[in-house]
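Order of writing sets the labels: A, B, C and D. Residues in every chain begin at 1.
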Amino acid sequence: MKGTLPLLSHYAQQAQAKLPANVWHYLQSDAGQGAQQQCNEAGWQTHKLIPRPLQALQQPSTGCDMFGEHWAHPIMLAPVAYQTLFHVDGEIGTAVACNAQQGQMMVSSLASQPVADIVGQAQQPLWFQLYWQGDRARTEVLLHKALNAGVSAIVLTVDAPVKQALMDLPKGVSAVNLEKPLAMQALQPGQSQVFDGWMTQAPTWEDVAWLRQQCKVPLLIKGLMHVDDAKRTIALGCEGIVVSNHGGRVLDSTPAVAAILPDMVAAVDGQCKLLVDSGIRSGQDVFKALAMGADAVCIGRPYIWGLASEGAMGVAKVIRTLRDELEMTMALTGVSRLSDIRQVDLY
Amino acid sequence: MKGTLPLLSHYAQQAQAKLPANVWHYLQSDAGQGAQQQCNEAGWQTHKLIPRPLQALQQPSTGCDMFGEHWAHPIMLAPVAYQTLFHVDGEIGTAVACNAQQGQMMVSSLASQPVADIVGQAQQPLWFQLYWQGDRARTEVLLHKALNAGVSAIVLTVDAPVKQALMDLPKGVSAVNLEKPLAMQALQPGQSQVFDGWMTQAPTWEDVAWLRQQCKVPLLIKGLMHVDDAKRTIALGCEGIVVSNHGGRVLDSTPAVAAILPDMVAAVDGQCKLLVDSGIRSGQDVFKALAMGADAVCIGRPYIWGLASEGAMGVAKVIRTLRDELEMTMALTGVSRLSDIRQVDLY
Amino acid sequence: MKGTLPLLSHYAQQAQAKLPANVWHYLQSDAGQGAQQQCNEAGWQTHKLIPRPLQALQQPSTGCDMFGEHWAHPIMLAPVAYQTLFHVDGEIGTAVACNAQQGQMMVSSLASQPVADIVGQAQQPLWFQLYWQGDRARTEVLLHKALNAGVSAIVLTVDAPVKQALMDLPKGVSAVNLEKPLAMQALQPGQSQVFDGWMTQAPTWEDVAWLRQQCKVPLLIKGLMHVDDAKRTIALGCEGIVVSNHGGRVLDSTPAVAAILPDMVAAVDGQCKLLVDSGIRSGQDVFKALAMGADAVCIGRPYIWGLASEGAMGVAKVIRTLRDELEMTMALTGVSRLSDIRQVDLY
Amino acid sequence: MKGTLPLLSHYAQQAQAKLPANVWHYLQSDAGQGAQQQCNEAGWQTHKLIPRPLQALQQPSTGCDMFGEHWAHPIMLAPVAYQTLFHVDGEIGTAVACNAQQGQMMVSSLASQPVADIVGQAQQPLWFQLYWQGDRARTEVLLHKALNAGVSAIVLTVDAPVKQALMDLPKGVSAVNLEKPLAMQALQPGQSQVFDGWMTQAPTWEDVAWLRQQCKVPLLIKGLMHVDDAKRTIALGCEGIVVSNHGGRVLDSTPAVAAILPDMVAAVDGQCKLLVDSGIRSGQDVFKALAMGADAVCIGRPYIWGLASEGAMGVAKVIRTLRDELEMTMALTGVSRLSDIRQVDLY
């Protein structure tokens, strides 16, 4: 092997070079002026690792169990919309990359290829990320389309009730799994686009309770940052949460996910699975998230950098890089199992 | 709706492109070398917001009451001098923009258009910002000119006793509401321009007491940063204070307004209205100021960026952007009323 | 008055434009890589001032008493070597500027003009900065030359026992008040230039005790940063100390002077005069030093920027700027006397 | 003497100018994206020194004893691989520079010249840095080659079990003291290069115990950052440890060495020698490491900058600069002996 492990930022550079400026801007967009992503990334970097050489590893492995499935590693691909926007391989390319690297993937509600086709190419069960479709009837249609395609878990994203179009999608790229664009009631003079428009179509806790009944597979809620919300999710019988500020894309000026993660872990206290995303950029970051108590992590922009750079092959390389970095970090800190990582004290 | 909400910094870029360099420099000027404004802005950014999705909003609104008036939102335009310097629309353009966005406005003592004309164009009551005119007689003349024009509150600015001309005003731009330039006694050799010049014309606490008697409308004192001064203002019967370091334009090396606001709120303890300005650059900042206990906020440079960019239309867009951001922040944190914002714990 | 007060950094820019690169580099040089000066300056900026408007000033003045002399303001010019290197006016120009602005000045041991000529041009008593001359006999010669010239106090600089030549002096610029260059014993193989060279000619506490006996005018020790050293100086009967890290020119990685000043003030406890320098760049900084308990401050590089820019006139402008800023800061914080500044709580 | 002491960064600039880009990149490479080295350097800079002038030095000296040898100063050259890559003088040039400056040197397992030749040129005993050779038999061969060459101590580096080739070595540059390249068992599908490859050849604590038996000279373990590992090393009878994160080259996101050094010193408690490296860039840093309790320090990249710049002469100048800076720091803080440095309180 020649050269250093390719750090993920190399793929970012390649993606920027390959993508049209508006697509790159859309991919990297931040709720504020870039400070939110920096905040997320800095949150992970604040914590430090103490090397522990000379430990003999005992059958080292990055494997873990999740809802009865065996995962080769705890790195899940977060749902990213419209992947054919970045490369012709699209979501199917991402699924193929997961096959190659024993990866996991959440298919987005806004996927640009049919969910059945994506699932059909995958050699392992996929999860489906569900956006609330304005009401229960419409949401149920989308839910069943995904379940019928064979997804093994549903992830309801709740932190982005306002879905702003950040760019005009080029011809041929659309959310092919949705029935038709959401119609929004015309606003009266003096009414608010936020309060009287978007928010009237946003899901509520009652909708979560309803969804939990509709759904015979594990249901996770994605986009929680407050301990009370984590507890309420558990009380409703959900199987997991994803601690996330949506990679900094929704509300500017939120804390780094790494800053609030320990409190979230304490609130969950093992009563459901806890995943985390936003700002994870290396296998060291993955290790830190697990050391703080997460069961798994999601990555978003980094694998799209790979997709934009080299299609499915690029996604596979990104996953491989993170796996290598995670293994290296485990080796250098002397832990053999993910469950041992949780015992590590970060500095 | 296409694209992200236009962040206020976009208007800054446009304004810089349109304005002569010396006017832009005057607008952005800082008591020090720029550090004071950065300090103000950083003060707001230090505090973080925790998203609270899935909350059902209850008749959400940004409305509030102020001295018996109903305000559609808590965003007041701070007094900025010589607005025809930035755009031919001037203060009247700003007033028209307030009509369009249900805004509030403080007309400056140094307005470049007649206060009666500005008030005449407004569909809602305006406030008048009063600079002390060197003595009580001269001040009374200006006060009554404003009251006669129909303003509904007086805001005495006390933090800038030294008014340095930062640029030569172009022909046709002047403080048309003032009687004539303040004459200053010639200094004797060895006398100080500061001590023996400007400060002999500065108002004192006794002048505030006198003014409180002259003024049948609410009187606010603008430019307070010390809790003892807030208490003394209340003891004199004033109806409000504006916590402010004048946007960093007067004394270099003061704390960020956000840093001292909690103590000011505690000192006021609801006994008068508390507004705040200096460094507010987004609806998130507005939200944070209210969460710390302010009743309303003022913005200065940002709406002048809009005025310089597109005249009245630009001011309206800036107000709209802030309103949208405030509504979005309320929606994403699950609060329906300004009074509920105050219960939110910032992170 | 048009435009802002000229901030001192403007003179730095002018000086850099006028001076040969090597002279500018010598002037600005730092023991490390520039971090020490930044550290000094940041130390002052850390502290913040709370405006106190509406206070009626009571015969405001920046005057103070020092060893029986009345000073118009507490701003002393620190000893800077070889001033004809920066402008033909040299030290005499600096003295003339002090006349114009009622300033104080310490003449350097390494002055490039005769101390008697400098003192002769001054309308107020000057102080003399003494470098130890390797032994007592040589030191006594220099001391008496200064005393005979009429200086009113002696300031022994003790923090720079190693005097490195940072540049070749141009023809015509030299330390004209010194007898002849210090001869240093030739080093034996294996001997250290530092330990066996320079340090053998450095003064010790015993030398200070001796000097205190020789000297019938006030004696101050310049370059102290440790409380025990301040106490020892007092115990030896010296009349003052100058807290200083030599503007960051000698030992890299010392604390900011502002950081250690409060402890030094507490240690001195009024038993002798306490001056401070290093990193003071504005009247606000002067105010802060006095608020922390200093009796007066010294400035170095800033007045040399003025000297390089415009000769004596430039030095006068720099002093005037600092005086104006100090007066303005007093006015805006509502204090009338230097003794009142000490009661101000910095934020 | 003219000009400032040449700071080490000057040599970095020269080396960058002289070296091919890929060699420079290899030399400066960091486990992450440069943040780890900055973290190391910043760790030392955080601590500050208080000058203590006027102290009479008592036979000042930087000398110390190490395993019965007398060292003129506590600055050891860390093992750096393939030194002919940087200059034709190679490791022999480094050894000659040590002769000139009474320096100490650890010869790398990956030296590009025969260890016997390097030792043969040295006028003082050299140490040998040992990389584990995959198994005990191979390691023993290398150990005895070094001992036979006459090295006086063995330093086992344990923090880099994964040795990635960061560049293709040019023809003629190789690890001439190794038997032959380490063969690694071919990986089966699904096996991990890290876990099933490199780590199977990494040393363990049992190997350290074995090595301690094989080795009749002092044995130090290099690359420890955890107090428990320091204690275990002592319990195994080793004579010293080198606290190090390998200059930031191995695991990204470790703490600065300066941050953990005090705990390591406390754990060792004088039971063995404690050296430290990573990020030391000046004599002030050396002083600080000793003040925290280290017995000596190692430097890596800085002397290679010198080697690349001017061969053996450049290495000598780098050592001389550090010695001068250390002596100056001692002189200015008033301490005469290394043992006195340990009593100094850093600020």
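Here is the rule we go by: a contact is a pair of C-beta atoms (placed from the backbone, for glycine too) under 8 Å apart; a residue touches a chain by one contact, two chains touch by 3 or more.
Composition by chain, UniProt nomenclature: A, B, C, D = Alpha-hydroxy-acid oxidizing protein.
Keep in mind the model is a prediction, meaning the values are calculated, not measured.
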Interchain contact steps from subunit A to subunit C (minimum; 1 if touching): 2
When subunit C is superposed on subunit D by its C-alpha atoms, the rotation angle in degrees, nearest 5: 90
Farthest chain relative to subunit C (centres taken as mean CA coordinates): A
Same or different contact residues where subunit D meets its copy subunit A, judged by the half mark: different
Gap in Å, rounded to a whole number, between the CA centres of subunit B and subunit A: 42
Distance from subunit D to subunit B - Cα centre to Cα centre, in angstrom: 60
In subunit B, residues with contacts to at least two other chains: none
Contact graph of the chains (line, ring, star, complete, other): ring
Touching pairs - complete list by chain label: A-B, A-D, B-C, C-D
Of subunit C, residues touching subunit B in the complex: 1-5, 7, 9, 45, 47-57, 60-61, 282, 284, 288, 324, 327-333, 347
Subunit C contact footprint on subunit B (complex, rising order): 29, 32-33, 35, 158-159, 161-162, 164-168, 192-195, 198-199, 202-208, 223-226, 229, 245, 250-255, 259-260
